[in-house]
């Protein structure tokens, strides 16, 4: 089987794609947003609770989409849970670079990180939107009042 | 001087272009129309009297335009004056062919005819509209109620 | 039958190796067709030898460009058998053609409470222009049902037509099902004197089109799906209707006389071609029309329906493939999903195998909702495709299933 | 200074012999520019190697096309120094760009009794779109006076602005006079917070454009006048304004979500690019922008104003030539008439000499009326023109005068 595909669909991606973690809606949330990829119709709903110290407490997502978008959303929620908002935003930047093929310029993430599983996306530029859908939704949730 | 230009601007064309015959409006007319070349702004007004035997009696034109369009209008009025409408319409067809380079297929006009002076237009396809402006105006006057 | 191996040599892009190794198998012609050498090189040559702006100039290049441009119009006219070249308007795309008609037709003919009839399988480009009309004129849109093969339900359709129906706008060949609209549907409209717009985006490249026989009042298509260049669309409209409609865009070339207080407009087709038109694109479309006409639309149609049958039969044998519409009158387009695999995965997987297919909603979101899917994969054929390519494809989807099963 | 002899080699059409004998002297760049080899061959190559539809596909060709298309957008953005690529909309022509803004801006902002300010020298493409708005919304259009050189009368212009003025739409460089609109005119609008549309059709190829410095809210131009292909236009609009305006055309690609009852639209720029866009044309325009940027807009400007001065001086010495606008800040365009000779005769005569100029009203009928002429001849320059060509031209108009005098 082709190496690029193996890179793209690592075990962890297929796993999270089929059995996403943190799937659902947080009962107690103060931030949420809907994300949407108009090119294919994929959708994600994200909700989380940002506490008074700007820590992301509970975070969950739901939606339909391809393995990449679902796995990415699942890995994102795992990553962000318990994290400070400002740090999450830096990771947003790093992650975007990672999937676009700019891994050399990352500031926080390193190749031990679970998010690195999505590095294979760089060889499939049209899938970048799939990989970043959840992250953009996170961003709009933050910006929503 | 170039032969094509000599063909286009024969003596008779320059003459009619500068001193058009039948210039003005017929006092007594029952047919008239305005013609207009939107590409350059040239204009012609044509009026004539069609008697009960379908003979074109008096016919006059006015307007502004290039030497070709004015000369063509002038020569047309000379030609059509006193002519039966049906014959005029056949000449319309012949004339159109003549300036478009189809002189071989003419039915009435022959190379003795004064209208033949406009044969040189065939080498300047963008001037066909100039040469036929008066004729199209004639046609719409006939069609006007 | 057509000589595919000869035809394939006409398409330079077919020499492409995907990821430097796999032969390109282009199964995405419904999105846009590839271009034959002839179209590419004639346009190239036109820019080198004859280019200038059209219509307004007197010099040699202007003459050459203008005549080439108008000759292309006549080629289009003959290609779809319109009765006059005045009925052929050059636009930038089929989408623009539909917007043009929607806006101008509505301005003249549609009032509050009037009705427009579409179907539930229309492409967004034949939906949204009418939604914009609906918002503006407070009219109603009714949607004809379709069956699972993409055939319009004749009885339901008939029941929608009434004295308030001002226009019907429907696809001629569905870009999801590949099925052709039955002529009886048009007949129903003709009988009631209701103008019909046919969206010919998918039919122009696959069927022998005769707009007069079809009984449509408007027919639109895009050059890029007919082996022509990007940037050019066609609007065919019956002269007596177009003449009555107001102008759409204003600008140079569509003006008879202007003062600061008012303007009068020229006749057809210039009235609807404000501004410098897509000159070389129109010329290139003319070349593409020559090219397909030479091969013969009926031969093309035979070749493509044959391929479609072959693919359909093979795919129906695979239990992990769900096909949307399996009727035997399908033409050139097959939409499908692999069990439990998102269409994106299928498309990426096939891409690596060299096979270009499309994945997504195909600009038919309402239809996707109706089919109860998020997206589908779609393969579509053109004159250059072969049965061998279908074999590679079948093999590839099997591998894809295996890859994602583990 | 630029190296004209090197540049001339880049333009294949300059090898053309008119009527098989005369060297082509192309003085009609204001109508449409000729194309450099690079633009022609890169587009050719794109069709051979990378073509497919954009945005919606996942396969390799779709990726290549999409990235090339979006890269072209960024090139345009940088070329005119827009602050974001979202502000760059691909249309089919400047004419369409103006119509787009006229319709959407009016829908949102213009009501009965409101005012629009234009000038008396606007091109039909910057007149008629506003006439259509005037008819629809019963607003008023006011026309700023110009002097005999084509400079807008600043006082008169200022006197037209008031609280009812909703938008100002003016040419940046007159296609008849070749004079540039003074920045003070824009300042007057900026001071009053009145949005300004600049018609950049003639300026984009001759001036170094910075839309932010210019202080315009909209800027439009056509690719074909900037050495790019036909079939592509640009609309620049400030993001915060475009975001507020309603959609123009509806269709594929500009949709977020659709049901049969309603649709939501995507953000900029897709919102204004319904349907398959002019893909290869956008790419080709990007190549053209690279080409002129490499030469340098300031160098181009110097070269062309120099040529204009040379021609103007020579022509002013000829007593049978009437020139429209003789101010020294003319750029690239000279309109004129030969005494007692209609512009058509001049154009045909020059054509036979190999010199391509334009004759007619130049889509400026109101201006022609104001100048009290039926038509004019117009010569216009591009990067490939030379002082030697001007000599041939001067000689030719002398011969023309002689020919028609006898």
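By letter and in written order, the chains are A, B, C and D; residue numbering begins at 1 in each of them.
FYI, a contact is a pair of C-beta atoms (placed from the backbone, for glycine too) under 8 Å apart; a residue touches a chain by one contact, two chains touch by 3 or more.
What you see is a predicted model; the values in this text were computed from it and never measured.
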Most remote chain relative to subunit C, going by C-alpha centroids?
-> B
How many angstrom lie between the CA centroids of subunit C and subunit D, rounded to a whole number?
-> 31
Per the C-alpha means, the centres of subunit B and subunit C lie apart by a whole-Å value of 45
For subunit A and subunit C, let me know how many angstrom lie between their CA-based centres, rounded off.
-> 37
Would you please write down the residue numbers of subunit B that are in contact with two or more other chains?
-> 39, 124, 127
Check: subunit D positions touching at least 2 other chains come out as 19, 56-59, 62, 255, 257, 344, 348, 351, 359-360, 365
Name the graph shape formed by the protein chains and their touching pairs; answer line, ring, star, complete or other.
-> other
Give every touching pair of chains, nothing left out.
-> A-C, A-D, B-C, B-D, C-D
Where on subunit C does subunit B make contact in their complex?
-> 55-59, 62-63, 66-67, 255-257, 266, 270
Write out the stretch or stretches of subunit A touching subunit C in their complex.
-> 1-2, 4-5, 8-9, 14, 39-42, 64-69, 124, 127, 130
Under the touch definition given earlier, write down the residues of subunit C that touch subunit D in their complex.
-> 12-13, 16, 18-19, 24, 26, 28, 31-32, 34-35, 39-41, 43-44, 47-49, 51-53, 56-62, 91-96, 98-99, 120, 123-125, 127-129, 131-132, 141, 143, 222, 224, 229-233, 247, 249-255, 257-260, 262-263, 274-281, 344, 347-348, 350-351, 355-360, 363, 365-366, 369
Subunit D-facing residues of subunit A, complex | 36, 38-39, 124-127
What does subunit C use to touch subunit A in their complex?
-> 19, 342-345, 348-349, 351-353, 359-361, 365, 368, 374-375, 399, 403-404
